[in-house]
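The structure's right below; bear with me while I get my questions together.
Think of it as A, B, C and D in the order they're written, each chain with its own count starting at 1.
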């Protein structure tokens, strides 16, 4: 396993929310991260679709980890902001979020991510995110 | 209880994700909704702050329900998109999201929401959202 | 010239701001529109870069016209909202915005667009937009 | 005139686009800036409303200058990203954008701004922005 993947997997494992959502880190490549959640009723909104907040959560993590995957070793990342468009109801057996780096800077990295509903072998685009991530010294994340 | 509050409370009770996050619907007034989650490690990101996705989830629901609270009786709402700025680490005993209607239209309602971290009697602004919500016939939400 | 291109070109010609910015409609294909502005000092911000608002203007028009290019003949479009990330200073001889349809719906179309600074034969990505566009009856745009 | 206002007015005077749009810097207070444009056909979109890009331009500048007004003396600002919701057609005699600081940080300042259409003595809310602005050493803005 490459260093960048190790760093991402170690961080992902510390995200309690990803466990709560049932999320799995499917793949980590430099600048590209995929996260998956199976459908579960505990993630629903009022129409039994998966809640936009759950989809936004895996999109946000996929963006943050795409940024982290290309950051220097001693750097950690924090989300500054993100925007998500919900394109279709989140209905399916599972949902994947694929984050990629749009531009990596010294201070700021901008990522884009798409989310898909999976039914059998088919994928349908259901959401898209544009996110701004800040680089921070790994030791310096203040509470 | 007013009709608009009944409708919002009934819909909120159907959101599995709100139960999963431990969220409570604190108050519903016409055009203004407050949702609260206590801190829990199951909501964390890698620095033990609450994950941006959990904060976005209650902000999104507070916006959606603020929109629903002023919508006609036979109308349901769906989030079209939202944007959230994370202003400070989500560290606290609890977190509240307060959504308000910025402009209610026939088809589209735009809401703004702020999230605060609560420690004892103090509140600190930690995030802010701007969201676009679509009105739909209550019977016509398609899968 | 195809119908969709005619409709877009006729609408573009009515946008006073595009003339003011010196903008040219480079190409129109179904779901993809390119707009170009040459550099001019009248578009600057305080560091002599082109102002984010000028770049946002051509990105917004490229998204709106990408949406219009795939809309039914009797439909017009209005921007509901957009979000733009400025990725690098807008420095160059000219700037192009390329808008594409991400998802076309009956009521709402979501588009993405990238802007590039052009210097000689080189292009550099300087901004990216995600936009929400509403379909309206062409006869029904109210003041 | 206070130092913060001097700095903002000097920077505003250098923005070629503000002159092109006919924009005037109405007021500068610490953390709050107002910019105004009169209606002019040169700012229009296809329905003779003012183009969303022109409104976004004065909103963006009002946010940037609100951030600058509270920044240390040796700091300059650059827009990282902004999101704007268009709430009503931009129809009126003039348009004002009022930007305020939501949270000022050492590296990042987040601002919100509203735009209003003015007709006689009446104002109507037509757009709202949420913007992320980066602090930079005034000497270090690189091309």
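For this structure, a couple of remarks:
The definition used in the following text is that a contact is a pair of C-beta atoms (placed from the backbone, for glycine too) under 8 Å apart; a residue touches a chain by one contact, two chains touch by 3 or more.
The structure displayed is predicted, hence computed values, not measured ones.
Overlaying the C-alpha trace of subunit B on that of subunit C calls for a turn of 180°, given as a multiple of 5.
Among the pairs C-D and A-D, the greater number of C-beta contacts is found at C-D.
Among the remaining chains, C is positioned farthest from subunit B, on the basis of C-alpha centroids. For this pair, subunit A with subunit D, the centres built from the Cα atoms lie 32 Å apart.
With centres taken as mean Cα positions, subunit C sits 28 Å from subunit A. Taking each chain's centre as the mean of its C-alpha atoms, subunit C lies 21 Å from subunit D.
Residue positions 80-81, 83, 85, 110, 132 of subunit D are each in touch with at least two other chains.
Put simply, subunit C touches subunit D in their complex at residues 11-12, 14-20, 40-54, 56-58, 60-61, 76, 78-86, 89, 91, 141-143. For subunit B in complex with subunit C, the touching residues are 80-81, 83, 107-108, 110, 132, 134.
Partner subunit A is touched in their complex by these residues of subunit C: 83, 85, 87-88, 102-103, 105, 110, 112, 125, 128, 130, 132.
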